[in-house]
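Order of writing sets the chain letters: A, B, C and D. Residues in each chain are counted from 1.
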Amino acid sequence: MFIAGQWIDKEVVIEVINPQDGKLITTVPSASEEDVLMAIKEAEEGVKIAAKMPVHERMKVLDEAAQYIENHHERFATTISLEGSKTIREANSEVNRCIETLRLSAEEARRIHGETIPFDQSAGGENRVGYYYRFPIGIIAAITPFNDPLNLVAHKVGPAIASGNAIIVKPATATPLSALLLAEAFEYAGLPRKVLSVITGKGSIIGDILVTHPSIRMVSFTGGLETGENIARKAGLKKLSMELGSNSPVIVLKDANIETAVESTVSGAFCAAGQNCLGVQRIYVQHEVFEKFTSSFVNRTRQYTVGDKMSTDTDMGPLINGREAERVEKWVQEAVFKGAELLVGGVRNGAFYAPTVLTNVPSDCIVAHQEIFGPVVLLYSVADLDMAIEKSNAVNYGLQAGIFTNNIENAFKAISEMDVGGIMINDSSDYRIDGMPFGGVKGSGLGREGVKFAIQEMTEPKVVSFKLANPAIL
Amino acid sequence: MFIAGQWIDKEVVIEVINPQDGKLITTVPSASEEDVLMAIKEAEEGVKIAAKMPVHERMKVLDEAAQYIENHHERFATTISLEGSKTIREANSEVNRCIETLRLSAEEARRIHGETIPFDQSAGGENRVGYYYRFPIGIIAAITPFNDPLNLVAHKVGPAIASGNAIIVKPATATPLSALLLAEAFEYAGLPRKVLSVITGKGSIIGDILVTHPSIRMVSFTGGLETGENIARKAGLKKLSMELGSNSPVIVLKDANIETAVESTVSGAFCAAGQNCLGVQRIYVQHEVFEKFTSSFVNRTRQYTVGDKMSTDTDMGPLINGREAERVEKWVQEAVFKGAELLVGGVRNGAFYAPTVLTNVPSDCIVAHQEIFGPVVLLYSVADLDMAIEKSNAVNYGLQAGIFTNNIENAFKAISEMDVGGIMINDSSDYRIDGMPFGGVKGSGLGREGVKFAIQEMTEPKVVSFKLANPAIL
Amino acid sequence: MFIAGQWIDKEVVIEVINPQDGKLITTVPSASEEDVLMAIKEAEEGVKIAAKMPVHERMKVLDEAAQYIENHHERFATTISLEGSKTIREANSEVNRCIETLRLSAEEARRIHGETIPFDQSAGGENRVGYYYRFPIGIIAAITPFNDPLNLVAHKVGPAIASGNAIIVKPATATPLSALLLAEAFEYAGLPRKVLSVITGKGSIIGDILVTHPSIRMVSFTGGLETGENIARKAGLKKLSMELGSNSPVIVLKDANIETAVESTVSGAFCAAGQNCLGVQRIYVQHEVFEKFTSSFVNRTRQYTVGDKMSTDTDMGPLINGREAERVEKWVQEAVFKGAELLVGGVRNGAFYAPTVLTNVPSDCIVAHQEIFGPVVLLYSVADLDMAIEKSNAVNYGLQAGIFTNNIENAFKAISEMDVGGIMINDSSDYRIDGMPFGGVKGSGLGREGVKFAIQEMTEPKVVSFKLANPAIL
Amino acid sequence: MFIAGQWIDKEVVIEVINPQDGKLITTVPSASEEDVLMAIKEAEEGVKIAAKMPVHERMKVLDEAAQYIENHHERFATTISLEGSKTIREANSEVNRCIETLRLSAEEARRIHGETIPFDQSAGGENRVGYYYRFPIGIIAAITPFNDPLNLVAHKVGPAIASGNAIIVKPATATPLSALLLAEAFEYAGLPRKVLSVITGKGSIIGDILVTHPSIRMVSFTGGLETGENIARKAGLKKLSMELGSNSPVIVLKDANIETAVESTVSGAFCAAGQNCLGVQRIYVQHEVFEKFTSSFVNRTRQYTVGDKMSTDTDMGPLINGREAERVEKWVQEAVFKGAELLVGGVRNGAFYAPTVLTNVPSDCIVAHQEIFGPVVLLYSVADLDMAIEKSNAVNYGLQAGIFTNNIENAFKAISEMDVGGIMINDSSDYRIDGMPFGGVKGSGLGREGVKFAIQEMTEPKVVSFKLANPAIL
């Protein structure tokens, strides 16, 4: 692992397993509490170094790290695919996204603006001139998930460096290798040593110390709701950024282009084996077109190729591990047991789980309200838009949503009334570009990421006021 | 007239006539070149005073002027109606808009922000800290039209005072009284004397000197295209703000709510007797609904009450004078002579001209491409949206447009392809709120008004850079 | 108390005592857990009503509440002074500030802007147009302190209403009356009933339920560090705004105007009997001018009039209660016991505590690093600016700071290196206007208030993307 | 020359001469009116193509053009130096600036944001949602000067492409080669053919048609005041961007670091042989330090190496041609004749003119108020800051200024009172980074450049309003 510029080995290790075949890829050190304390101590110096880095140096480091990744594109993509559950096509695309995230971070570094303040708007302020500017918040602890093991790390590290902070990353235990590669890129790019650490280890051992240490000013977490809530309670007086997933709804109205809707939502549901915080989980189809949509959706699902991750022909690989596949299996079985109809899929093979479509799912099933985080989608027939919105909102998540309609009134009704952080008209819920604000409401989290928005959260305003002997303009 | 805080009388006067009955309302002084030179000389001092007014004093003056107008609402409304062609209902509404414009100006005064500049984005900038702020541009010459004789003056005076400039207004020769009332409100509110002048006079005598004088830094003109072009050529090295009218198009597609479209466009066409830069002049209706739309539009037009401006039952009063009514009459006659079909209206009575609907207007008629600035609207049947857009764009104007449709693709196609400064979906072209950016393309002008946007044009950035002995943050 | 538009009485009451004479002013209900649950239940409906209030209605309500306060200025000021420890002069000034805060809130209501998003910056985004806008965060729990019992409530309620949220306020137990008066103003102004509650009660009974209830999306707290930390730990997955006080430092360099520095810091130290989160607690004076500064400071302190709050001649009233005065007394005694020199003051009389100046305070005294929140100031002699900054930063607070110097390099060194949320050059730390970003680092809190900035925290971005059949501009 | 993607030759040519030795470098075509008309006709299509280019393609083109220049750095630098008067060191630096300008343009392309508009701030707007976005202004005519023959072209072309406009460049007759190289870079980068033209030719032949043609929506000119004024008068109803040079003042107060001030202003005065719109021309030194400053300045000037442009040891090369050197010579002779004292320099050798320092220059000399645009600087002794500011402002220019002082009050007095577009504290007037707002007041021009600010001028807001059947949020 990478602590403040040093590559550290440990006797105790964690095995990194390829979920596709259960084979050992490699091992990484299993950090102890002391390792975390050392990383924090280094970061206490690192944060001063980071804040003093001129913006043009921050930009150079970020651009060169991006260039390094571009130059080693294949190695990065292979690593993502090997250690995680993405196909090589999906992994290639994530590498491109990561490069974009770092370049965006470089660009945003020089756009961290404060504003001048007209103090003379209040009587007594005539002689004052000044402004506020934004300064780095301090040391950031980042805890990242397995599903985008490179780019979701970059979404925290890029903005942190751009804005002059130090950052300590704890990647998902299952997928530490991509995060370590990112550290390698920054090492190559000449990032000052104490600014970044990537600590591999078990959450049960190092999570608490990282989240509760008083020197940590901000915890940026992407992962599940339950863990997020635990962190929030433990962290105390710290800035929190929480991206906690969802079970995203999509609405398909009778006036929509059904073909487009099917194409878009099938991929939205099964991309990354459904292990995607934006993945489509619930589709509410107006009853007039329910049958047509369903049969087309099921057909398209059947064509979805599951198989070897490393083949470019594969649409979908395994889940992150067998336990997760079993959990998904159990949730589906529960639904079927309670009366849901299984239209396609429902089959597990080790860590693989077939793309699965359910309908008539009773509302008390787990899969009806929790995040499945697997390749399972629920189709519902609804009478109209009002009912579709009501059901869409009747969960404790709200990240993004989609609606298919050609009608202006319908579109804006959905925009107004759906409780989410983003709504895509004539597209599935899983659309994102790295520069847009990203985050949700309710159990989906707190705060927004997306480079510019993450930088906003990672900086604070400092007011500067000069009181002069005489009135001055500005 | 009001020169730098002094009410000045002159022997030579201009008569202010009520267009409804041709009766003399009162006279105002006819300014000479010397009067203008005096106003400019005073403004040279006024601009320094204005720039040094603390923002809270600017706000107080603007708020108290607004309050004065509210307290004398009836007098302001009656004056607008008497000297111009607005009905009392329309005049009341303009007074409210003017109050809003001044209050918005007060609010924006404290929101004139610059930004901090990260100089360290360039090597060599490490030791620099600084920002830019916005300072007043200088003396502004404002030339305003008769159709909104109060609020269009306020749209120049409010932002000018809010941003610390001096301003000299030349109101329309026909409607000087409302502008003078506005000066009275500012006098009452305690605006320093040299900051504002309202000069009544003939454009032929005082226009050139006002527009060309080297002490004037900006000319803000609202009026006709031809005059605007003349000013632009004469003004030389000055900032120009040009709001030059239009012959606004509205598109009605077959999927639209026809009733709403009729209701909205009738009022959009005949409001202020069509003397409105945003007024609907050309309506392109998809042929499937052309007949239905046309018959409903004509019916609704017949119900439009023309009569005594001062009656609250009246929908429409006279044009600004008989000459203008005659010009409108001639344009309509030319169209009819060339083959246009007159569906309703076409009748003149002194300065009154009946609400008029034409169809089958040949494209070489004046009314087909020039701005009618009268209560005349042209209906066209079109095959589809593409043709509607093409015809809408085929003129040398482009202020605002409307489109009636319920379809998302159609709406965004119109948004993308119509060459205008604003487009209203399911509304007529004549919608405006005083805080939105307002202005057009092609012959419709240059720059944008709307209080915040006018202030942007009336201020300039000044960069401040401190080079320090040592690197500093920000 | 005021629950969702109803004035509720309870049998169990809390006595509101005038700290000056210990006399009972009145009683207020002591809320139970059930009362809070009812308020939250009402707020669940209130939040929908609030979000749907058109902006112009929010503005009207805020402006009319401000007007009501202006019309009842004396009653508001007297209440602040009676129940708290402010003199009537200080109370009058707070009422003015509160009016300003509400008017600013009305103004900001119409400036809650999102931005258009150029999705076509990424390949695949060519057909997308859209934007993000900011929507209300939900139900806000506000917990407010006794020292600005009106305006610090307005700083939460004003922005909450402006941005379409529902809010439940728990004012300080000692000073509930000003907050209830504010509720009265909003009731008069026609705020929909379920949008606002002001619950009087003991923190020990109602605090937890308010802070932990899952329907509360944001906790906005102003008060002490310890309570703030407790809330942060309990609140879980909620947005936190924390304004937690400080022991603000001011630096006086030898090149400064000493007279100005004394005048400014005496008032900065003793204003509101030192019960001011921005109050000057530590002054670091360059040794060449230490003696001159000290003797002048002590002289000026002796002239500070302590006495009857209600007299306009009084500079300083009592502390909020006898216990607090005793605590302050104890802290000073500890310092003196450990070797500090008492230059003036150090005398308690009931809830009154004389303006007190200490020097040579050992660093292990409580008063050297904790927030005294009383009329006590510590003077230190320092060798140079570096030492002054180091000592200023050596505490767990960082709200605002001041520095007196005429030298550019010194000023920017302090700006760069002092760990605070605001720094005032040639002024004491306690300068604030209601529109600037306000908040601190370290133990001084999280997030920023100041109307525009509070609204930013009380709203979240929602992304809207239209995917079109054809490429479209924007 | 390069017309809409075609390299065009003409029989009539213009000779490009190396000013250093009068030798012919090459010839370029001399465009006719017809050539310009063809370029405009092509641009009429180009502007549609440009507007429809997705932002990611605009970014790619700009980045690849920048990369092309970086790859051919030496050829670009040599060309700049050969055809102009820059030394190879200065030329290298300009190439770097140009690369930065194009990269900044790519970055800004994706940051052209409009804002959502809360229409419901006005009664009647409840059912409306919408926003404004910024669209390209149209065809831009760019007329550029000889002194930065590459980067000042890039400052117009980069933003124009970034914002979706078509642009026609007419580079200075003396230095067309660098601009043609820039066209080559964009051709290589795959810019659609009709978007850019670079027309070489004489202003007397092609200037008027370019500036007056009705299809040109904006004229962006950098050059002399007189030409700028002519253009302004001819252009008519067009957006104008005018960067017109200056005779920049620097103030040196007695409390300043004299050594720093000398070092900084010598280079500020003689960089690019003084042919720099930001060059220091007038230095106002407080009399207590006048002698010290002057002798040091003169000494430093004597060390300034004049000679072969292509040598890296050379500080200063020739002026752009012999005529210009003669003009500068004449202005200096006039000053000396009228009583000015020549401290050093005053010698001409062909196109070379020695770095020249004058003092006691009477105020009626040309050099005292006009822009010398040559290596001549005037030193004045002044009593105090007030006098220095008064004299600084007493010209018809105001681009940038500098002041050397360590005192806060002095610095802010200068900031407030100097009539310029930028003021540099403890630096000379000629500091600029490519992202900051750049432009001046009075005869120094209209509008601002600097990539983001140029894009602002090259785009216009379009308002989009959806009127819905029911109230909607946003």
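Convention: contacts are C-beta pairs under 8 Å (C-beta built on N, C-alpha and C of every residue); 3 or more make two chains touch, one makes a residue touch a chain.
To keep track of the chains, here are their UniProt names: A, B, C, D = Aldehyde dehydrogenase family protein.
Values in this document were obtained by computation on a predicted structure and should not be read as measured data.
J.: Starting at chain C, how many touch steps does it take at minimum to reach chain D?
T.: 1
J.: Name the chain whose C-alpha centroid is most distant from the C-alpha centroid of chain B.
T.: A
J.: Pick the pair with more C-beta contacts: A-C or B-C?
T.: By number of C-beta pairs in contact, A-C is the larger.
J.: Could you give the separation in Å between the centres of chain A and chain B, each centre being the mean of its C-alpha atoms?
T.: It comes to 48 Å between the two C-alpha centres.
J.: Just give me the whole-number Å value for how far the CA centre of chain A lies from that of chain C.
T.: 35
J.: Measure off the straight-line distance from the CA centroid of chain B to the CA centroid of chain C, and report it in whole Å.
T.: Each chain reduced to its C-alpha mean, chain B and chain C end up 44 Å apart.
J.: Can you list every residue of chain D that touches 2 or more other chains, as numbers and ranges?
T.: Touching at least two other chains: 110-111, 117, 121-122, 125, 132, 408-409, 411, 415, 425-426, 435, 462, 466, 468, 473-474.
J.: Which residues, counting only chain C, touch chain D once they are in their complex?
T.: The contact residues of chain C facing chain D are 51-52, 54-56, 59, 109-118, 120-123, 125-126, 131-133, 135, 164, 405-409, 411, 425-426, 462, 464, 471, 473-474.
J.: Which of the residues in chain C come into contact with chain B in the complex?
T.: Residue positions touching the partner: 107, 110-111, 129, 408-409, 412-413, 415-416, 435, 466, 468-470, 472-474.
J.: Considering only the defined contacts, which chain C positions touch chain A in the complex?
T.: Of all residues in chain C, those touching chain A are 100, 117, 119, 121-122, 125, 128, 132, 138, 228-229, 232-240, 242, 244, 400, 411, 415, 420-427, 431, 433-439, 441, 443, 445-448, 453, 460-468.
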